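Handing you this structure, nothing more for now.
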Amino acid sequence: MKNEQMTVRENKTIAEKTYEMTLSGPLVEHLVNPGTFLHVAVPGDDLVLRRPISIAAVDQDAGTCTIVYKEEGEGTKRLSRCRAGDSVDVFGPLGKQGFPAEQPSPGDDVLIIGGGVGVPPLYYTARELAKRDVSVSVILGFQTATAVFYEQAFRELPDADVRVMTDDGSNGHAGTVIDALNERPSPPDWLFACGPRGMLRAIEAHAAHSKTNGYVSLEERMGCGIGACFACVCETGDHTSYRKICRDGPVFRFKEVVL
Amino acid sequence: MKNEQMTVRENKTIAEKTYEMTLSGPLVEHLVNPGTFLHVAVPGDDLVLRRPISIAAVDQDAGTCTIVYKEEGEGTKRLSRCRAGDSVDVFGPLGKQGFPAEQPSPGDDVLIIGGGVGVPPLYYTARELAKRDVSVSVILGFQTATAVFYEQAFRELPDADVRVMTDDGSNGHAGTVIDALNERPSPPDWLFACGPRGMLRAIEAHAAHSKTNGYVSLEERMGCGIGACFACVCETGDHTSYRKICRDGPVFRFKEVVL
Amino acid sequence: MTGVDPRLHVTLPGLTMKNPVMPASGCFAFGREYAELFDLSKLGAVAIKGTTGAARLGNPTPRVAETPSGMLNAIGLQNPGAQAVRDEELPFLEGYDVPVLANVSGSTPEEYVHVVKTLTTAPNVGAFELNISCPNVKEGGIQFGTDPEAAAALTTAVKAVSTKPVYVKLSPNVTDVTAIALAVEAAGADGLTLINTLVGMRIDASTGKPVLANEKGGLSGPAVKPVALRMIHDVRQVTGLPIIGMGGIQSAEDVIEFLFAGADAVAVGTANFSNPFVCPTIIRELPAWLDQLGLESIGAFREQGANI
Amino acid sequence: MTGVDPRLHVTLPGLTMKNPVMPASGCFAFGREYAELFDLSKLGAVAIKGTTGAARLGNPTPRVAETPSGMLNAIGLQNPGAQAVRDEELPFLEGYDVPVLANVSGSTPEEYVHVVKTLTTAPNVGAFELNISCPNVKEGGIQFGTDPEAAAALTTAVKAVSTKPVYVKLSPNVTDVTAIALAVEAAGADGLTLINTLVGMRIDASTGKPVLANEKGGLSGPAVKPVALRMIHDVRQVTGLPIIGMGGIQSAEDVIEFLFAGADAVAVGTANFSNPFVCPTIIRELPAWLDQLGLESIGAFREQGANI
């Protein structure tokens, strides 16, 4: 965990209201775990809370990392206005549990399901898997064609099987990621998912299987980002205890917490 | 009075912690009265009050105006970081009473006394006087050599007699503007002054003379800048009434208000 | 008039408003200055500066200080006095097609009554707003605002002489704002306005001296918005009286938040200083919000039970 | 220890502090997380998360919302309960050379007494901070904080069982904070801490729903700083008790403002979220402020009557 002024190398639109920002700085060296996130202070002293944003890719050779974010409110709007050369105050990497990209073996059936801005951490995960010669099946869900991003990036991964679903069928197939999931013949060995809570809930309901090591990445409004303020808790599956998404997650095993 | 996003053409240091910013925009056409001021919204939504800054020069041909400001607190610090091409939200011109540059006649003895960042509106005034072939005597007071600015600019005005005073004698003569004032043989016809309240008080005390048309420009913390909030009042000389510096001033005749 | 969207109309006791937006008392004087910037007839109403019996010169300067996303003021109710307001200021506003909410202040109930008697004959005064919560004058003002009985007694006294509806402006500097609201409702108040400013202070760290000459002042601006929304919401739970909400409003989006919280109309104070055109800008942007929310009119927030 | 400037030392009842800066309760849990970032021994003290008799799971999420220059929280006092804090959390903090200010919460006086009895034997608990002002739990908490008699009775009950000094944490949601301060002083409080959060609310304009699951929450951060300074100043006028001041502190300059207002030490809450290293940064920057002001020590603000 470091807190650093990172330098914006590039900040560009890659889909409707969706931006890809490349950052550089010594903090990059500490980024080793896909699924962990950065706590980004957006410009302006009137916004006191940082914004949690997943790491979408890391390039240790170039000393850069990438985040992909959607303009939702004031904070992401301000981020979108940053230009190359600007500094952005970043705290991270945060989260003790990411996607276990080091566990699947080559030949395992690894399924990745991403919805909207849930896609970025899965791209980082898929790249790490590719480094270990693990190929992936990918289902990406978006509302409509103009929202789609990273389809091509996933396709460029070796042996990746990529399927895009849009609600209106304007790109790829019409339907949800669950439709695509249901068409698969057998449960995967590994399932890594990130997206809206409802989507994750449906995935868990459809894909929980003794054979499948399932993992989901959760979002919640955060204060500290490191486990000290109890803002971002969720209950454990047995309803007796809780996990902090920022610290114990943001990735959890199927059934570990109540979605 | 207009409220406009003006474009920063240039923003540079001209003395220690003192900046000269050149702005352009349609608002410039409305700047006709030296001594009036601009109400500048500094960058950042956490600062809700605008900053009153005098107009230091207007160039109608170039469509630009100039302000000179000292970095005092957070607002002027943020202004100092603006770069060419940035927008600055400006409301103005404000103030119904500036320095009456249209009144002195060529040959009149016109004395200008400026202290520190009180100098800028007087430079605008002197330029307007010069256009009408009225030459000026100028006394500029600064704390120390590194604070001095616009000495050369005043010297370049036709027939200007410029004297610089510094508290420590590190530039020009050692002493205050009052010392320089006291050395003058006779009361001027016109006296225009701007600077710290204490300096203005001393000038009024030393230079109030039936022959002299004396004017001082005042500062006060402001809210609206247009006379609607009653933040910036001062009492009239007879203590029964008040003036709003933002609207009725910021320039007042000697004895019009209590300094 | 062009540009008037009938969906924005709001009718409150004494105030037939083209839209729910008025400048807040003390941030707009008596309208003359902003009239140089835009047509005051565009506004829903105008709340005038707090008016007292005799003229007041107010507090020493500095009277304002900046705070994070807010400001402190300690103007001290400077105003020309009720008679001058009646004779010189209100006639100016008669030149515009806009109702006036006359903000009334004082040190004693008698002074409030005197002011109301003086102003109630002005044709363009639609209603009164009793400022029982001004933190910036030594005596009076805030006492009425923090004690339910004193607030009720003052309301009764004013109602007895007013020919116009009376709104009471509530102080946020209280343990239980609903108690004051209920007390003035029982005493006959026709409506409520809230919030006035929170008492605050700033000190210059380099000198150790308060920034305001008056030491303390009233906090306003975006910083107080969450407190205002909470109090309006709490008051809306206990009364059906019309509420004019204020505290930190800067945008049409903020206005929508206040309407959801339970306000029927709003006032905009500090934001006039940041953006002198803020009121007409908000009014222009409100219809798009109605479209987006699928609401038929401003009144629908209350009528359709949209507020929380 | 290197880097300790003796001019920053502050001695308060139960708390011998290297410097006047501690993280505020609820913004630092029990120290484990920030211990991964910097050496906790650098801090003046650590105020731990509000501890109740039994474990609490707190409120539903979302528990935080952003506001202009501030935030709302409605955590709902999630904590592992007094016994677990005694057995598992406080021993961890014993690994550092830093006194603990144990923040105590509850629904009944009995619960407060139980928590204090459980924690008072912990060697590193220097003092207690009675949270009589938490706005985020349905019963208890804030009642004690808004009624002078209830506050005094609670203080008496806790003092009877505590072997450590007791500070009472004052609520800003009151008409007269000095009345509560005087009541708990008379009941034996050893010190005061203020302010806790102001009750506030945010509504999502696009849905009309409150942003917090709990609807209302506590406002903290720079937005409340002027209110905090005013209340500390007012309380300092009526009592000589030690005051730990808080509310919106983000920088060493802010700390100086609080010391001038009448605080003896300070706590930093929300700013830890904006800048996780804010406490050590402030501590590093304080000596330069003493130099600039020509003050010999932090104690000099009180001793030399520098505060207002």
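To keep things simple, chains are lettered A, B, C and D as they appear, and every chain counts its residues starting from 1.
The rule we apply is simple: a residue touches a chain if its C-beta (ideal position, glycine included) is under 8 Å from a C-beta of that chain, and two chains touch if they have at least 3 such contacts.
Every value quoted in this text rests on a predicted model; they were computed, and no experiment measured them.
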item	value
Per Cα centroids, the chain farthest from subunit C	A
Averaged-CA centre spacing for the pair subunit C and subunit A, given as whole angstrom	47
Distance from the mean Cα position of subunit D to that of subunit C, given in whole angstrom	34
Centre-to-centre distance between subunit B and subunit A (centres being mean Cα positions), rounded to whole Å	56
In subunit D, residues with contacts to at least two other chains	68-70, 221-222
Interface hub residues of subunit B, defined as touching at least two other chains	45-46
Chain-level touch network, classified as line, ring, star, complete or other	complete
Interface residues, subunit C side, partner subunit D - complex	67-70, 72, 146, 173-176, 198-203, 205-206, 208-210, 215-216, 219, 221-227, 229-230, 233, 248, 253-254, 256-257, 260-261, 289, 292-293, 306-308
Interface residues, subunit D side, partner subunit B - complex	68-69, 222
Residue ranges of subunit D in contact with subunit A within the complex	26-29, 32-34, 36-37, 49, 57-58, 61-66, 68-71, 73, 75, 78, 221-222, 270-277
Residues of subunit A defined as touching subunit C within the complex	45-46
Subunit A residues within the subunit D interface of the complex	1, 3, 41, 45-50, 91, 220-235, 242, 247
